[in-house]
Amino acid sequence: MKRHLVSTADLSRDDALLILDTAEELAHLSGRSVKKLPTLRGRTVVNLFFEDSTRTKTSFEVAEKRLSADVINFSAKGSSVSKGESLKDTALTLQAMGADAVVIRHHASGAPARLAGSDWLHGSVINAGDGTHEHPTQALLDAFTIRRHLNPGTGHDLAGRRVAIVGDVLHSRVARSNVHLLTTLGAEVTFVAPPTLLPIGIENWPCQVSYDLDAVLPKTDALMMLRVQRERMNAAFFPTEREYSRRYGMNGIRMAQLPEHAIVMHPGPMVRGMEITAEVADSPRCTAVEQVANGVSVRMAVLYLLLGGAVFADAPADASRTDSPEAAK
Amino acid sequence: MTTPISASAPRPPHQVLDAGDITRIVTRIAHEIVERAKGADDVVLLGIHTRGVHLARRLQARLNQVAGREIPLGTLDITMYRDDLRLKPARALEHTEIPAEGIDGKLVILVDDVLFSGRTIRAALDALSDIGRPRAVQLAVLVDRGHRELPIRADYVGKNLPTSLREAVQVQLADTDGRDAVLVGDRDYAARSSQALAAQPSDPHLPE
Amino acid sequence: MTSYLIRNVQILGGAPQDILIADGVFREIGTGLTAEADIDIDGHGLIALPGLVDLHTHLREPGREDAETVLTGTQAAAKGGYTAVHAMANTFPVADTAGVVEQVWRLGQESGYCDVQPVGAVTVGLEGKKLAELGAMHDSAAGVRVFSDDGKCVDDAVIMRRALEYVKAFDGVVAQHAQEPRLTEGAQMNEGQVSGELGLGGWPAVAEEAIIARDVLLAAHVGSRLHVCHLSTAGSVEIVRWAKAKGWDVTAEVTPHHLLLTDELVRSYDPVYKVNPPLRTAADVEALRAALADGTIDAVATDHAPHPAEDKDCEWAVAAMGMVGLETALSVVQQTMVDTGLLNWEGVADRMSHRPARIGRLTGHGRPVSVGEPANLVLFDPAYRGLVDPDSFATRSRNTPYRGLDLPGRVHATFLRGTATVLAGELAEQGGLK
């Protein structure tokens, strides 16, 4: 596994399964009275959020604390320096503070890649959502949730499972991260959206595209609803909320078209009414709440796998020859 | 045992316990537990991954026969409690399974293959304290090879095996290694000849 | 004035000859010249081209002297083999009055490294609303002939039409930065496969092509001259080719970076590849090279756009657009056009000196290398091999996309009206024209 998690495209099938399997093991922790492990004691993790996201930030923070990391929350929003300067300067500050990992959420696509590729800081960079690019841990928790429902078990992948991702694919970092990860794990992904909300060049992505939600539903094992921002309407991506909802919204009638075993997923927060009706959101088939819990396990797994072991720079080439007799176990 | 020891030519491994020895040891420890734990009424066995789990399973089978009832068995992965995590890339986790009845108020017997520095057991004790509060904790090992770095000792020892730090002890169990045996060899030999000692490349399990 | 005898140099890549430069002109040209000169230069293996002319340079002064000054910009130009550059109008204040263009022109005169021909803004403040005083800028000491809102597009069709018509009175030309603004709101890179994957706002080819199509029709309608800045797409090439076939007075330029680089580089999210118009696809690059070769594109123009480090040392979205290019242009052209067999050195002279001078109506530049002509000359060593080292640049900025790249060739010497501005690859002590 690479030292950073910037894009799910960087994860091999083995990497992805290792994360999911580790998360599966760590999920047991939530059933214990002491929900804490000493693994990252003495390690400093910075949550660097240039964009508000209570859900993602809280999830990471819980994961970090359960692993006993020292957590620093660095909210860079509203900083008076120009945005460009502040990313570099902030990174240099965090480096000086000895951050072992930086969890970054940024409104600009590529900001985490820029951090990871720069020499501004040396810790691991974990992308917690960048612009309209990627949101890898969200995709991992989605894959984790799908696997639990459709092919449970350590070491299992998602071979042949059909996942439909519905909504604003164009602006969705969740969709981008999912298409890489889910196809890596063997799933068949179909994007469902009006043509205006699909990126140019999507015909070359490893997925199917459909403009017709009703046609896709019966052939779907997991249905993932993306958030659609109302502002898109003003930029003429679709005519009205009502029309969007009629063509691409999830409701009870559409839910009945899904196979019996199929689940309905949503990364949250849900815009009830437009993209999903209460009937669907509150149905037992909707995994939105479960996804939140799974988010903590998956993020713990990522943090452990990136931070729990040797840091490349300080690992001796031959760790088995250290003085401790147990070092090589 | 007549192989001359030479600094330049590391010694190939030699066998110190065979399958029969291991079976007899497991049986003996089962009897000792029943004897010392007064019928093993509240005993819970916890095998430490990886080979401790297989040993614990064998021990449970014998205990069930001796005690005449099902002894609770669990598994413990102590990876997240290790103090040497930063010396290697992060490892995959094994499954920790605590018996349904839990460990609170129970006599927990940790089972591992080799007792060496004691650090694994220290980690296991830390893990236990996060899981529950046993009445007491005891330790059963197949081999004690000495060189403790912590004040830890085993309650049940299959074989005391004086070794030098240059040597590596390897436990092989049919479940993972295709046969039962305990080997002692030179660490350098093991390092140079991967087939010689390393049963699983990912977890050579050499020094402990 | 120092005289120079350059021996055995290949003029436009031809057979080796000697050139005697004295009193600011080519005094003698021939084989085995016996004349005495103050300085002898061994021209063996060097190519002699007329001094290069850039139609599109951002010198940043006044206003952004932290990025570039007229002095450092003209030094960079000299090191790149240029003897004249057109300084774009998007300075602070904007070069939309006679006062500002005269200031830039004077700074150029003082630098002595390279002639600076200011470009005047088409509209006041580059805002696209109201025509700037085009006539006053032409009548000023700067004698402006090229007008451009570069950086912004003159997108209002009526304003564009009027500007095209108005500058006919003094043989001016409007150089359009073709970018339909609504189609490029929030645009960060070429819209295509890569932008979709990277989640960066798309700058579609059609936004350039639609404006060019409109402008060539407008130019034809009012009978005016139009120059299209930095063509970047295969579609733009087709439109310009069509307009030329119609006999319309349309010219076009391409930048070195659009001849070499593609949008695949953006995958690094390194803003050094952020430029406007954006890097396009390999198919576009191929079409641009072909169009430069067949003359559909008239000129290579650098769009040299210096930015201070902090404007590039940041995330992609907030980074400034632009690349420095004066000091690497000829090398990129050698790699993409000469070494590929698309263009010979005569063609390079045509696209980098003769035609741009003609488009800008610069009478003293883009002249042939022949006896009696002003001695504007570059000696180029095409056999030189070395990695691009931005720290050796004369420009004040370092935002080159070629850092560490193995580009062929190097400017050995540059002469501006007989005075060496560069010798042996290094800037001459002073621009001697003071």
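Lettered A, B and C in written order, each chain numbered from 1.
As a convention for this text, a contact is a pair of C-beta atoms (placed from the backbone, for glycine too) under 8 Å apart; a residue touches a chain by one contact, two chains touch by 3 or more.
The shown structure was predicted, so the numbers you read here are calculated from the model rather than taken from an experiment.
*Asks:* Apart from subunit A, how do the chains cluster through contacts, with nothing moved?
*Replies:* B | C
*Asks:* Need the central chain here, defined by C-alpha centroid distance to the all-chain C-alpha centroid.
*Replies:* A
*Asks:* Taking each chain's centre as the mean of its C-alpha atoms, give the chain farthest from subunit B.
*Replies:* So the farthest one, by centre of C-alpha atoms, is C.
*Asks:* Centre to centre, by mean C-alpha position, how many angstrom separate subunit A and subunit C?
*Replies:* 45
*Asks:* Take the average of all CA coordinates in subunit B, do the same for subunit C, and state the distance between these two points in whole angstrom.
*Replies:* 75
*Asks:* In whole angstrom, what separates the CA-based centres of subunit A and subunit B?
*Replies:* 39
*Asks:* Using the touch definition from the top, list the residues of subunit C that touch subunit A in their complex.
*Replies:* Answer in residue numbers: 188, 191-200, 202, 204, 268-270, 310-311, 313-319.
*Asks:* In their complex, what parts of subunit A are in touch with subunit B?
*Replies:* Going through subunit A, the ones touching subunit B are 18, 21-22, 25-26, 28, 32-34, 36-39, 67, 154, 304-311, 314-316, 319-322, 324-329.
*Asks:* Considering the complex alone, what residue numbers of subunit B touch subunit A?
*Replies:* Against subunit A, the touching part of subunit B is residues 77, 80-81, 84-96, 116-117, 119-120, 126, 129-132, 147, 149, 165, 191, 203-208.
*Asks:* Would you tell me which residues of subunit A are touching subunit C in their complex?
*Replies:* 82-85, 87-88, 106-111, 113-114, 117, 130-134, 171, 173, 176, 199-202, 204-205
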